[in-house]
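Contents: one structure, followed by commentary.
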């Protein structure tokens, strides 16, 4: 029923099944009794917590980069995703992602999954973990993806409209994509597209959606004439640290086990992040003569994003190569953005869209099993489909939300700052004598 | 011997025992040999780390809400709990909580548990984890509970007296309550009270104790006439993020296994937090026209607090309902506090006391096994007992500590700020040219 | 092949092997098939994430203590270690640490380990975890050790030279020491030196290296005449919190299993940290009349450092004693430093060097198996060897790097601040109207 | 020579600076301050509307020669007045300046500005 | 018109503002500053008592008409003096003010205060 | 009596204070400000060199008796000038001071400084 990580899990899955079988036999139980693998469950629970940790991590990363007057508003973009997508996921999104395909496979549906009612005591026979854990782990991806988009149009959206936007986007963009790529009857899954932990579903989709929304909304007032300085690079660094840590859950958890495949994914993740970060500051040193902290953090992200689809199929050397290449391409993409002059505020497209695409396509050259032209074509197709679908749907949603509720912040709100206007708060009371 | 979570763990515990038995038999070992379930151990170790993470999380949450001059002092309230309760727990508190009842069951005692000497190589036969892990996991609860209280009287207590207060409170209030609710011979446990992860022991007890102490100490100078602004809402948000993540350990770890019951608890936790947070900002939007970050964070907490006693017995839908109801009731309670005019500085009672009570009592309406009037009465009794005991004892302790050492900060210290007066430090050197 | 933790793991390792054997037999498989213990793997994956969390934790701890103009530069000292050591570890350092001894056992080498190529599907027969997990866990230690050194010469090194320094130091100091202590054919390992989680390899080596580098570089401009205030003690506290949490991975993960030895290590870690922190503020209260937050945080670190070599062999009572003693000795060492007047900026030697030595030597008095003069001598020898080797090699490296690239920041850069000069950034944009 | 000190809203800083540049006044010093006048700017704290005792403001200090005083004041008025003037827009103070010295060169008086 | 600038302790700000309100002086601008006078305020850093070069202070700026100068000074003195006067209590500076302009209306002089 | 206000680079604060102490000027108030003059101080943001609109500066305020004005100005000039004078070194402003009051004692005028 669930196809996630079918490619990366061969060996270790076998081990688990074998172990499961042996215990079952040894105990003389009926073959149908599905036992819980407490170790795999432990790691999946941990991974769920780690991926959740990425959300405050992202809030800190993004929050540090905007101007002081928008820090609360920007962090709330991440936080509210925990609330909105959190509630939607339990209510209907899990059913839409992992139910059986309906409407020609546009998305899934399984009435039993509404409010997760039908899985209250299900142990997944393939993974030997309670299905709840799988559902919660997956739910975290549905939370972080719209939060990533927010970076593209930071500092200039209405809070209420943003909330509506991500809810609709989650239902109409994320859920179908997730179904196509990770459900066993998803068409990209059946095509054999490799997306270990969400290169297409999470990064390409959020990056391209951010780009579309940013282009539609137009630049922030004063961009690019006046420089917009990060209010708190220190917090951005902290956030980058939490993102790296959390990504171990993101990628290694996507093996849905606690075994060899998990270890391979974790190793690839670590190697790519380190290589991406190092490459970025080397580039900066060569190009600008200085290595910046934001550059290091961006390199971490570029590396992690690129290895996300690939973590299950590349060796550490390949992961390092992917990370380093992604750092270079993202660096270039951001320079290009500066040339073109559109305002992707925090480079959601420049890092996630570009890095995700690099990873999804170039992974074919570093696969443990060797290059395959067929796979290359499949990857191109999958990335293309995701891009096209996300771009078109996002445009429609953005236009509708804008017409109905007004998506762009008013000029006055933008000048006064989102924190005061939409939240009635200020981030740093400490600055003010009171 | 240990009764924790007896209600929530039926199914999965069975699985574990069954597995344990089968391995033992298969290996032809003696039936007494207790094997370690490395998976359950892994999750309990992780949970221990996650619950510890809540303490800095709480320090950040609370620290961000006070005025700049008290930020260090407020964070130290959480941190010193790690030191003081940490040492006490190992020394005698574990013996007092999980030893056999003495003095008519007032608290427990087991001389073997002093300094944890007697459990150096004990594997718990019920849970198949080393008893050390259980002891450490439980110890984290004893750390965070007094730290929660500190929110009620933030910005106006002497540091040294606070330290003495929490030490005594831990011994005389927390340890007995913990014994009553979670030890197998505890009277509330035997009554069948459901408290999965500490609604009564942690939240009701800390909330009501905070209220009593806050009333006794009186309001901060200038409250409520002059507005006291959060010095760092950004940090409060970070703290809320860490609390959410850590709470997975708090609740899911309370299953003392890594199986179905764990997954159920984690799912309930996630659902309640998301629903609570969302409900709070919806309320605010309706009531004030703006959704605040502090409101979102408060809603997260309200949801998490309410689901704490219930995580083992409710389905995701019920958990969402509990979270949403708790958000409404806590919101109202804080409005009421503003009317009544007492100074529960950071709403320790308003969130933990109220939310914990809502959870402990209303869980009966959302139980997996259906409503039971008997259980409802039991829950009311347990909550009532915990409230009465904690309130009376806290009052006594507060009065004694105040008479002997002086609990309230001097007027001058309050004006100058606790950071400078009690710690000789300031939180944000960056504000000062130097 | 790998000797890590041979002393601490007796009991639980037995259990694991026994379990492994029984499953293998029950399944009728060939005896060579090495099964994965999914529980141990889960905990080791988690530990890897926790130790990585220590790096941002350290960045926050150190970053908060320097002056605002150096906050980014100081945090980058920790972060770049993630990039540089991260890449080196995968490339050749694992081969140098855990390969078979070459050049008379100076360091190890195993060409198969280059780029970790040879362990792509290895399951370790002793530990029943994928070797990748072990390699990644170990790699985190190689990252944090040079980052610790940076505290000794914070606020006065050139960024580029620092990067070169840690790369060379990692290869020439860390890798050999790691090989000697933890590889099965390492000479200190064979001597029977106890170093559970890195007292010698991590703390003594980084502390003494920091001291040597600090002495060579000389004091910061203006030290000690003008007071250099922490820019953000609040962040230092957050960092201390993350370090405590991460240390559970550091120590309990060093058992390379998920069983009794793990639980013992975690308990010792918790007990020592709490006792160290409490002792430090008691000392301060007695000596200065005030208990500081930085003191509490320093006590946490002293306790954790001291218990690091000992976590596998001491009971909780002994761990508390070690933590408390370490707090006293470190406190004294810092007072002495102030007398002597050298500038160990953030007390890398005062806490890690001194605390690590206290732990490595005094652990003999608190061992579960009782005191042994032989062991005492061995510990003295091991600590002495590590100190001498690290001191001499560090001096050589520091001199060479200084001559070739210039290690000390220029006077102007030191005055202007490392953030601006080497990174072109400032940490707190929020301070500046813009 | 005069010292012109203006207390303005935080968020009009950019606009004021543009107007000043248009009036050929390039040099300026800006300080974060908090002020209290007639303005009431509400914030929300846990369901309660609170009025902070002090609102964040920006303080501009501009040293200029006498002939630049009027252009400078006008530029600030143009940039800092919101919606035709609302409570909280701030004040401009003019104080006499006896001397001004450029640190770089040691030049004094009008030409040092 | 005068500009009254007071450098006071951080923690007497509230008290000073109360006294000012009692003297019917409502408008004020406050800045976080750091100062050095005779006061030595010790902090503790890892077992060592250190005296920071500069202590945090608050700076008040109040523009007022001449008749309000004495009431204003007295209010500040009352609010800012601690325990009958201790080192570190601060200073009040009085500078002449040539003009004042209300940005909202463009009014000038005494009535703009 | 005069009020001497200097806008200097952040990083020369220590040196200026040393010079002032040498000139027997002990009392001072320091404020973090941001300024714009001719100086261009580049920062790097994701591969792009950006010039911030305002650079961080320090503002010193020193109230002193007339005879101390020149020593004070000279001390600041010595301490704040970098490499024989570079753009961005800042300005010194001198304004008349009508009165000064020591809050601790209520003393007024020259002796209160």
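Going by the order they are written in, the chains are A, B, C, D, E and F; count residues from 1 in each one.
The rule is short, and it goes like this: contacts are C-beta pairs under 8 Å (C-beta built on N, C-alpha and C of every residue); 3 or more make two chains touch, one makes a residue touch a chain.
Small disclaimer: the values here were computed from a predicted structure and weren't measured.
Peer 1: Touching both subunit C and subunit E: give me those chains, sorted by label.
Peer 2: Touching subunit C and subunit E alike, sorted by label: A, B, D, F.
Peer 1: Could you let me know which interface, B-C or B-E, is made of more C-beta pairs in contact?
Peer 2: B-C
Peer 1: Rounded to a whole Å, what is the gap between the Cα centroids of subunit C and subunit D?
Peer 2: So the centre of subunit C lies 52 Å away from the centre of subunit D.
Peer 1: Quick one: subunit A and subunit C, Cα centre-to-centre, how many Å?
Peer 2: Going by mean C-alpha positions, subunit A sits 32 Å from subunit C.
Peer 1: Just curious, how far off is subunit D from subunit A if you go by their C-alpha centres, in Å?
Peer 2: That pair's centroid distance is 44 Å.
Peer 1: Could you pull out the residues of subunit E that touch at least 2 other chains?
Peer 2: 14, 30-32, 34, 43-44, 49, 52-54, 95-96
Peer 1: Could you pull out the residues of subunit A that touch at least 2 other chains?
Peer 2: Expected reply: 23, 26, 37-40, 42-43, 46, 71, 226-227, 229-230, 232, 238, 258, 288, 290, 292, 294, 423-426, 428, 431-434.
Peer 1: Sort the chain contact graph into one of these: line, ring, star, complete or other.
Peer 2: complete
Peer 1: Spell out the residues on subunit D that touch subunit F in their complex, using ranges where they run on.
Peer 2: 3, 14, 17, 26-32, 61, 63, 95-106, 112
Peer 1: Report the residues of subunit F in contact with subunit D in the complex, numbered from low to high.
Peer 2: Going through subunit F, the ones touching subunit D are 2, 6-8, 31-38, 53-54, 57, 59, 73, 76-77, 80-81, 85-96.
Peer 1: Quick check on the complex: what are the subunit C residues that touch subunit A?
Peer 2: 23, 26-27, 29, 35-43, 45-46, 48-49, 52-53, 55-57, 59-60, 63, 71-72, 75-76, 79-80, 82-87, 90, 115-117, 120-121, 123, 129-133, 135-136, 139, 159-160, 232, 235, 238, 258, 422-432, 434
Peer 1: Okay, in this complex, where on subunit A does subunit C touch?
Peer 2: For subunit A paired with subunit C, touching residues are 11-12, 15-16, 18-19, 21-23, 25-26, 37-40, 42-43, 46, 50, 67-68, 71, 227, 229-234, 237-238, 240-242, 244-245, 248-249, 252, 257-260, 262-264, 266-267, 270-271, 273-275, 277-278, 281, 285, 288, 290-294, 296-297, 299-300, 315-317, 320, 368, 428, 431.
Peer 1: Quick check on the complex: what are the subunit D residues that touch subunit A?
Peer 2: 10-12, 14, 32-34, 41-44, 49, 52-54, 56
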